[in-house]
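Two complexes are shown next, each including chain A; its partner changes from chain B in the first to chain C in the second.
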Partner chain A sequence: MMNKAGTDIQIAICGSAGDGTIASGDIMKRAAALMGYNVIAFDEYPPEIRGFGKCISRIRISSKQAYSLKEQSDVLISLNDSHAIPHAREVRDFGAVIYDDNLVSAVAEGGHMSAHINAAQVPYGFAIRQMSEQATNAARARNIVVLGYLAGLYDLPPEHFREIIKAKFAKKPQAVIDDNTKAFDAGLVAGQAVFKLDDVVVGAAGDEATGSKAVMMTGNGAVVRGFMEAEIQSYFGYPITPATSIMERLAVEMPPKGGNFLQTEDEISAIAAAIGAGYTGSRAATATSGPGLALMAEMLGLGVMAEVPVVVVVSQRGGPSTGLPTKTEQSDLNLAVFGGSGDAQRIVLAPTNVEGCYRCAGMAFDIAETYQTPVILLIDLYLSNRYETVVPSDEASFAPKPRIDVVADENAPYKRFAFTENHISPRALPGQAGLMHTITGLEHNELGRPNDAIHMDMSTKRHEKLNSAVHFPGLNVSKRFGDEGPVDVGILGWGSSFGEVLETMYEAQAEGIRCAAMKVVMLSPLPIEALKEFFADCREILVPELNYEGQFASLVSGALGKPVTRLNRATGSPMVVNEILEEVRRLSGQNQTPLSAAE
Partner chain B sequence: MSAPLHHVIIGSGSAGFGAATTLRQNDDDCRITMITMDSLPFYNRYDLPQVFHGQHDWRELLDVPPAYYDDMRIALRRRSRVVDVDGTNQLVTLAHQESVAYDRLLVCAGGRGYLPENLTGFAGLMHGFGSFEAAMRLYRDLPKGGTAIIIGGDMIGIDLAMTLLDTGYKVSLIATPQTFWPHEVSDEERTQLFAAMTARGITVHKDHRPVGVSRKDAGKSRCCVTLDDGTEVAGDVVLPFCGLTSSVEFMLKAEVDIERGLLVTPELQTSNKTIWAAGDVCQIWRDQEKAYHFYHGWKNVRVMGELAARNMTGTHEVFDTDVEDRIAVDANGQISSTFWTH
Partner chain C sequence: MNERVKPVYLEEKLEEIRADGHQDFRSKSLPTWCPGCGYFSMAEGLTFALNRLGLDHKDVVVVSGIGCASRFPFFVSSYGFHTLHGRVLPVATGVKIGNDALTVVAVGGDGDAFAIGGGHIPHAARRNVDMTYLVFDNGIYGLTKGQASPTSALGFKTSSTPYENGDVPLNPLMMLLSYGASWVGQAYAGHQHQLADLITEAMAHKGFSFLRVLSPCVTFDKTDNTYGNLNMMVRTLPDDHDSSDKMAAMAQAMQADHPATGVYYQEQRPTLHQVMNATNDRAEGPGAAKTK
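And now, the complex of A and B:
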């Protein structure tokens, strides 16, 4: 039986493409969610579509809410030693390493996992392949055998795994379900027979358990859910990693609800079509990655100039150029905020977790329509592909709100770009009687007719209208966490890496460092007042981010005219809590490892 | 400049661990790989009865912290079974199909529990005590105040029996020729020792040999050992403690001389000049008696490991021992062995 202690463990499953590594991780995280745990999971896979590259699925399972993956895993399962061996060092002391100790072919000296498990880690070798073959007459159920072993070793309820296996293979012949269940059960018996020597504790799900209401979804999945709840009407896209799954999902979900879905020939067509649809009043969106956004930059300028609402999801990956297609990075911030010709300010939202993806995607259309401008939803591969348990809110409603119709005035021409107090002009849709108007990429007057003499005034209008976006109802454009009042170190974070920022802040506080963290969700326009207050409270400001240049640090520092300390990481991997913590210690003056940690 | 030597040690008990440390002290550049079937880093097997005193965290049993192996640059290969040693090509083959090349090999594989032939078919009904996991399983399966039936009663078993008595359990001992192994006791001593055991509270069955073991799901006692006169000895667990037999099967192709154990010179070198042996796995030549002898007990084993390591790195020391072969009963009826006292 599971004990009452809290749980916070991370399981890493590593294998080769084709080993079922990601599928195994998928079953593990879904079973854990079914047990009521909070789950954060992230898969890494090779850039090659086919081949034998390395896949690794990391799943953090916790009783309490966690905000990021851990730097060290508690358990590593190797489905392929040549790939998993470099990750053995990621397993913490007295954690477990599970591997096959009955290989069918000889390996070179040092080619077996047992050569790489240090004395503080606990080895669990067993005949994985043989067990799969005995259970199913094939070796391909090794990924399921290890899940059974895991369930047996840590006394996890097998019925949840069986349920997920059944659901996962529901569209396959019954024999597939039966074989996988047999493979799971064989591993389960083997795991139960082993004397557990590691100190990995799997306790109850806890008071903060997500329970049965929790939904497991990725950042991209959350974007789709937000879009659908916002009643998206038109989607135009061109596939690109890591945004493709948004398009794939919408292609399935939109048509039955009457939505328009089109895969275009390239990104330029996609954004052009989306802007065209947005102009007609349709809730329109596209999704891409950095290289695609670069292609879209010119058309985005048209959206700004013509004041057309459109939503663009940008899931960043390592760049420039083709870069690191399957690795994460936060290096398209400059492109998202500034990319394009001219002064083309737009709204950029950067959610920090999966639930944030859902909320921002759901609200993006309303924001775009309110401010009559493109809204970029800036996420990255780590967030796009990261699984989290989310408890959907019953309160959220992203359905289109009724807007005040523009009434035609027989005595005056309709001014689509009229100067108003809040700089937002009355918007009519094409075809409305008496409200005929012109839009153009050329600078124009209030009527929309080309006019370059009015450029300063129109530039002012297009910029000033966005100022109130930081107060958009229901949208947390920034949020402070941690100690109130003056602190030694303030950590400023954005996007996917804010989870690591938050974990760092809690660890720093536990070490006695006065520390606060702020997430900034709206990158353009920046929530200047909130930032000023945060800066005023912090003796030192640290900005960790996943790019080489420190793009967010430059953005904030430039906007406030204040120095910040940068912590830039461009490895293709997520931020590391210990790296941030080390910097927080240094900045706080407490740069020595505390005794408790050193012992 | 020559490449650093690769010293491979098979076994991670007292001999193997002592050897690894000594090798590092004598050769800072060499590679050291220690291969063991055990799941844990080195701990003293003589401490295993401590699980009945509440020692359930294996980390507390370790002689050195795990970081020691990194510090000493000792590669520890656990849960790795050696299936073959190729003495000509100097290769150790592991069960998972990996071959490890060595320059010098030290075999400290020890021995496994011996079981009289007529009882081998009942092995599945008995508990082991050769590892931390086995000790913990025994602790888990033996109910509080329950009875352990010890077949044989070598000194490891007697040490455990004393601990069980001290911690509120009952012990029945069924004597065999291996009782008091590795000590060779006279009939008179044997009688005295059995009397001391009885006085301590052990139920001793010394006149009849065990012929069978059975297990019952129903009833008060779960296990039963049948003696050759039909007597049934009831208890909760059955533990065979009939001495050790050397683990040498994997050495059959190593081109070394083998009898019951690996035969070694007083310098602990086998007939293959690249292979040494130490501990319970080897029989050492005694020139005075013109015969090979086993030397038991943790002190001898540790000294052998360290001496073999020194000889592997160039010295030519000869094994000798001052450990007496003596078993004694103190005023409290406690039985002690010079081999087991530590």
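And now, the complex of A and C:
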């Protein structure tokens, strides 16, 4: 809400599948981005396409950088009371609840929103359906009427909404644009006319806002943008929630650039073909979720053994097995870092926000080609589907660098897996004269011929070559935030839940707790030096993550031989700032309980 | 009067073979197969075909799965990729997509192809990936020392079917014909010259060509697909077989007890690469999907 510090407002729009809930949220977030606000947004919807399941779109609009959604919304808009009623309690005190107070059909006692708004909340009931019907002769535009009402209530500039509505329906007949604009304007007039509380006014975007250069994208959209800027040449995919939209987007964007796009028969063939294409020097990638990654595990081992570059995006969802396909979780860390047979270390990058998705995806090919090995981009549903405003950097270039060709030596056979100082062997590509060789998943000698006796030396080569990856130019593999020097509590986070970690840290600092946070983006190999320094500075280490077992906590704790406190949450929904904050408060106290022996 | 037959001297014969050039396509690695294995004639046949087609070593990639047959890439002087069990076709598809200028030969045995890799065959066939798939079918798992495979005959005794195999064998030719492979043929390791010719024809075909090669496993199969039995069973396709007639091809393929060698079926249709190019052209043209 508007206060001296600037704007920070979260709007929740809730309805039934088919009400246009997500579409309404989409217009809201795009309009806000156009106004220059920082936007972070996340939609939840049922796995069924139809069937009246609950849809909810949450949009946080702020003039300062926001790192996560807020636990409490400032506004709830109900397009369907039976779905929205349970969410009335997530509206803060003096927050607004917008609902239809002129229902045409009879409602059971307690089935109406008005019965669930508490005394501290501000009810804004109006005739949504009636207004939609008057403006457009149909009830379908209710989701647009409420946006107009919201804009009127908060004095948001209506022209940005109209522009987004026009763009959204650009392919539809003009009448559709006109109807929706009429619906918006009707809502706007109604919203402007109602009584407002002092703090329900949104301030201007402000100096710290993103300005017009910002682009609104999801994590998956950012991955696609990174890939396209890196001039991806071959993509192989198989549909799986929540990674599908990466495939769908690349299916649109790659063909006009002459790229090779193929939907394969399963995840095994997707990564197999990507490795085949990677072997020829093509920039190749695939994207999947946990169950698909499980199928790909054997092929990842081949990529490690045969030293073939390939990029695999993994967007995690609730597991194991089919699990919770439309809910978020961070429980495929073990599979991403360790999955497969044998000692098969690979590079795993876990960006923490949408911009990180863009940067990691853009750099992934370069990293994979440099180290001649698979690179996994580990994200999750919450990051894949959430919207953030990103300001693209002008200087970043992800385009392939010129290849250094291997020169054939007539007097000596080409050693594809030659031992070198940095353990990286010059790689020839099929089609190059005089450099013929066979690569294999069998253990092999420098020539690539099957050989068991050399296993120790080759294992050393494959692992040691990755050591310098943590210093890869332009890649921030870890970053510390908060207080310098010794602190009471250090919060260690990774992936999508780091936003909540950062918000928690700032709140803890505000409470006077000496506190720091660190995000770890490279999960394999781990940035051990940075972690050691962080551990040395923190009296207590807290590791919040969205899984039951505490997979990242185990990884870090094992690598450093130091105990950590776990905060595990496996509910299918994002991390909650208050839960972390409570734990930080407890750990920062003088008389806290000893760490559990199991850690 | 009969002409006097000139005796053949080993040195002269070797010179003749060297001059032919196909030996250049053999690598310096000695095959690991058992003496008498049918796969030797396939190595000979493939090097012969590569030579006859005038291909440059650097432009050929031999991709294989896992098994006795899949050791193949090591014995050929070209680029090679020895991949995972059952995954030869998707990897080979990726290689071809990654660089269309390469000639891709996929190689595997019957277990690699029809058991663990069975799910990939229809898709490589229907997409008409421009490559040649050679399946060396000896009806047994050799590298793991003699277990039944999907093409083992009913009643065949192996280490995994000690009380006789009770599973009906697959008919690979019927599978490939119904999957839409654009070139389907069958050869026999005992008929080496015809085998070399058929590999050449399969490779000359533009599109997905599938050649099944019947081969004895001299070590683990002393009763079934032996040279003696196959010599009696194998016939050639009738002279009047029309290889553009899929129903006729299927009628021949159904006679699995008397397998016929030759080209069962062939058709010309766009390859995966051509289809992708057409897609890319459509995407660039008017009405193209929005890119922003």
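Keep this in mind: the second predicted complex is superposed on the first by the 579 of 599 C-alpha atoms of A that agree within 3 Å, B and C clash if a C-alpha of one lies under 4 Å from a C-alpha of the other, contacts with A are read in each partner's own complex, and residues count from 1 in each chain.
Throughout what follows, a contact is a pair of C-beta atoms (placed from the backbone, for glycine too) under 8 Å apart; a residue touches a chain by one contact, two chains touch by 3 or more.
A quick note: this is a predicted structure, and the numbers were derived from the prediction, not measured.
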Touched partner set for A:195, first chain B, second chain C, both or neither: first
Touched partner set for A:114, first chain B, second chain C, both or neither: first
First (chain B), second (chain C), both or neither touched by A:431: second
Superposed model, chain A: greater residue contact from chain B or chain C: C
Which superposed partner A:246 touches (first chain B, second chain C, both, neither): neither
First (chain B), second (chain C), both or neither touched by A:96: neither
Touching partner for A:122 - first (chain B), second (chain C), both, neither: first
Which superposed partner A:442 touches (first chain B, second chain C, both, neither): second
Contact set on chain A toward chain B in their complex: 93-94, 100-112, 114-115, 117-120, 122-125, 195, 197
Partner chain C, residues of chain A touching it in the complex: 233-234, 236, 252-253, 255-256, 258-262, 264-266, 268-270, 272-282, 284, 298-299, 302, 306, 429-442, 449-450
Footprint of chain A on chain B - complex, ascending: 39-41, 58-59, 66-70, 75-80, 94-101, 132-133, 136-137
Chain C residues touching chain A - in the complex, by the definition given at the top: 29, 56-59, 61-63, 66, 73-74, 77-84, 87, 89-99, 101-102, 119-120, 122-123, 272, 276, 279-280, 282-284, 288-291
